[in-house]
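Below you will find the structure I want to go over with you.
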Amino acid sequence: MSLTETAQQIRRRDLRIPLGAILLVIALTAPFIGSRYVTHSLIIALIFMLPAHGLNLLVGYTGLLSLAQAAFFGIGAYTAGLLAVTYGTPFYVNVVAAGLAAGAIALPLGIPALRLRSTSFVMCTLGFVIIGQAIAKNWISVTRGDMGLSSIPKPHFALGPLSFTVSGTMGFYYLALAIGALATLAVWAIVRSPAGRNMIAIRENETLAESVGIPTWRYKLIVFMISAVFAGVGGSIYAHYLTVVSPLTFQMYYSTTMLIIVLGGGAGTISGVVFGSLLFVGLTEALRITPELRMIAYGLCLLALVFWFRQGFAPLINRFWNAIGGAK
Amino acid sequence: MFSTILEQIVNGIVTGSVYAIVAVGMTMIFGVLRAINFAHGEYYMLGTFGAWFSIDYLGLSYEASIVVGVLSTIVIAYVVGKLVMQRMVGAPAESGVLATLGIALVLQNTVILVFGGGYKFFADGYIEPVSILGFSLAQQRILILVVCLLVFVGLELMVTYSRMGKSMRAVSQNVDCCEVVGIDVPQVVLRTFILGAALAALSGVLTAPVNVSVYGGMGELITFKTLPIIIMGGLGNVRGTFFAAMILGVAESLVATYVGLQFRDTVGFATLILMLMWRPHGLFSTQARF
Amino acid sequence: MTGLPILEIKNLRKSYGAVKAVNDVSIHINRGEIAGMIGPNGSGKSTFFDCSTGLAKPDTGTVKLDGQDITGWSLNRIAREGRMLRSFQKTVVFKSLDVEENLIIAGQMFTFPSLWSTFGLGRMSRQRVSGLRERARELIKMAGLWDVRHQPAGNLSGGQQKLIQFASMLMPDPKLILLDEPMAGINPKIIERVVETILYANKSLGVSFLVIEHNIDVVTSICQRVIVLDQGQKLVEGLPQDIIQDQRVREAYLGG
């Protein structure tokens, strides 16, 4: 039994490098292989991967179910949009500012919200989305209400004499890919650090974590803020890609999508989020599934995840992985 | 000036009654399942659609459409209850949130897919105004008030005296003990759930003539209204829910008139968040369950 | 300095509604001592523990650890800054993590100087973690868990989980350990092992103990002094052999 297991593990390790290389090649050449629409789908998937990574830190690693991700996504989108439209600040400034703004707003929201337990916490985070939408709709002097912000410029970079604008789908794909890769690396670093271990301890048993000296409340607040930063950055890129932002960015729809990515991909794993964004956002976008059908599929997936696939759909992939390992 | 305020308060109480009938089912389901039903507003929507369909397509009268709306919702609730809600017995709170969120997505979007996402016109009901004590109030609104009172008196009686009410109370207090003394917990959950969904549907059908428009997303809006109510009322507390619904109804109506219509839909969650900070266990103590 | 008690609790009170769970209890634990606490069920032992360790807030009274007033500190701060650790009546471990990780987590907050430094991945951070791993392995060997060290803690037996919890508490060089019924529900073989570990920690590592325990044999064999609680009040304290002879204690247990 254990012998076959180790054999399988070795095979799996052998596969890891070539498979990773294949994935890298696919990621780098995707815009040349697929159509423009497929590239567009991949961009959307890469953008949604950011808030999903943040949510994974919260749900998967720290064990806090939050619906607030859409609120921070919206805050990021509006921050970037407003800066770009009003002050004409460059793309990278907007992205950083959006992340910081979302993280900063998460602090006063997180302090009271994190004192609440399970259901009340979920409810409170849902409230943030709803109130965020109301503010975006009604603070007309700043947000232009229901009209939203339009003609947000495409990312523009200026390095001394060199300057270029990322306007095409292909250019934006590589930009999104680079940011997505950086974000994945950042999550990896957080998870692998001793703090990541403490986060898992909080998820596993909060009182026990307290009793070994872990300041659980402060960790939860920090993770809540980090997750907001990821969502804010994601929102800012979304705003620059679509060039418009409307109050509908604050919607349960987005929170649900991010939740599906994390839970469906496998909460508490980094590869799960990458896989989840490609499957639930990239694929549905590429297949041009109508929003209603997509939502029905998400709903059914949620039910399946709760009752049958508690570890997400990743174990299925794992089994597949093992199968190729066995075939080799 | 004074009469406007009074009128707004009366309007608020009518709205509060609508919320109360929906919320009471949600809070009872929480009582037996320890899970918040994120899909509860969808049964309100289903009831309304059932009635609208039977009037527009089948040419039935409003009275008959009430029956069709509520019965068709009961059928759907039975299926959902059997397939999903009964599985949630003893599951952690997060599973309940996710599963009911899933149901909400399926129900809402299936209706939009079948009937289209646009607004539909609900052209029936008792809309003649009558004047009482110097107020002019549509008959339909009076009907809503009366039904709300009847529902709550009925529920009080049922919970106190009937066998089902007693077993509901027992389940909400201790699930493990119920299994020991032979109460069929899944059965109680199913019945409570169907009762709650039927009440939500009834509320929807009764409100349709007042709201006039019918659309697929209306359930979500109601869910977002009733979530704060059941938490403010102290989860599982029927009387608390009644008062919280009335307070929210009146507050919304006053905010809509004196602050701005656009802020009406935020009142619930804004109050909820303030309250959670101040009294995390609800305005009315959680001790008084049912 | 050494004459000062390691833990001194004065006039502790805690009520839940009308129930006075702990009613004016004062005790002290001497440095290097193993003290026992017994009392019938519902006598307030667990509430007393919770109030002393920061899991619950006492209504009135002071808790002094090593001369420092720690009343009202949170559980994590008392553990981290006071190095006073506690176990729980119901054994708890980080179930999905393996034994080694359980112990490393138990030591982390005592090794890293600040919360922010735990986010580090640099050489310093790696060195600290490998130091913790070494210490964890020593303790795992001592607790006889070497063969299962890479298994998820949740898969192990109740007794083994108890040993994990115990080893976890020894990770950070504690000053004082409060044990809540460490022998409940484990087999005699593991009881022996736990007793050995307590004695080892006490003699070689200089850890003081306060132990709530129903197993009177264990109490008389390891404790130098026993405190008896009854109905939220301290009934009597003294040498173990005197306590088991005491008429009041017998009456309290028999409900007389």
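A few notes on this one:
Which chain is which? They are A, B and C, in the order written, and residues in each are numbered from 1.
As a convention for this text, a residue touches a chain if its C-beta (ideal position, glycine included) is under 8 Å from a C-beta of that chain, and two chains touch if they have at least 3 such contacts.
Here the structure is a predicted model, which means the values were calculated and not measured.
Note: the chain lying farthest from subunit A is C, by mean C-alpha position. Of all chains present, the one whose mean CA position sits nearest the global mean of protein CA atoms is A.
If each chain is reduced to the centroid of its CA atoms, subunit A and subunit B end up 34 Å from each other.
Taking each chain's centre as the mean of its C-alpha atoms, subunit A lies 41 Å from subunit C. Subunit B and subunit C have CA centres that are 49 Å apart. Listed in rising order, the residues of subunit B touching subunit A in the complex are 35-36, 84, 87, 91-95, 97-99, 101-106, 108-110, 112-113, 117, 220, 224, 227-228, 231, 235, 260, 262-263, 265-266, 269-270, 272-273, 276-277, 280.
Residue ranges of subunit A in contact with subunit C, taken from their complex: 189-190, 192-195, 197-198, 200-201, 204-205, 207-216, 218-219, 222.
Looking at the complex, you find that subunit A touches subunit B at residues 65, 112-113, 115-116, 118-120, 122-124, 126-127, 130-131, 134, 137-138, 252, 256, 259, 263, 290-293, 295-296, 298-303, 305-307. On the subunit C side of its complex with subunit A, the touching residues are 53, 55, 74-77, 79-80, 85-86, 88, 92-97, 101, 104-110, 112, 115, 118-121, 125, 128-129, 168, 171-172.
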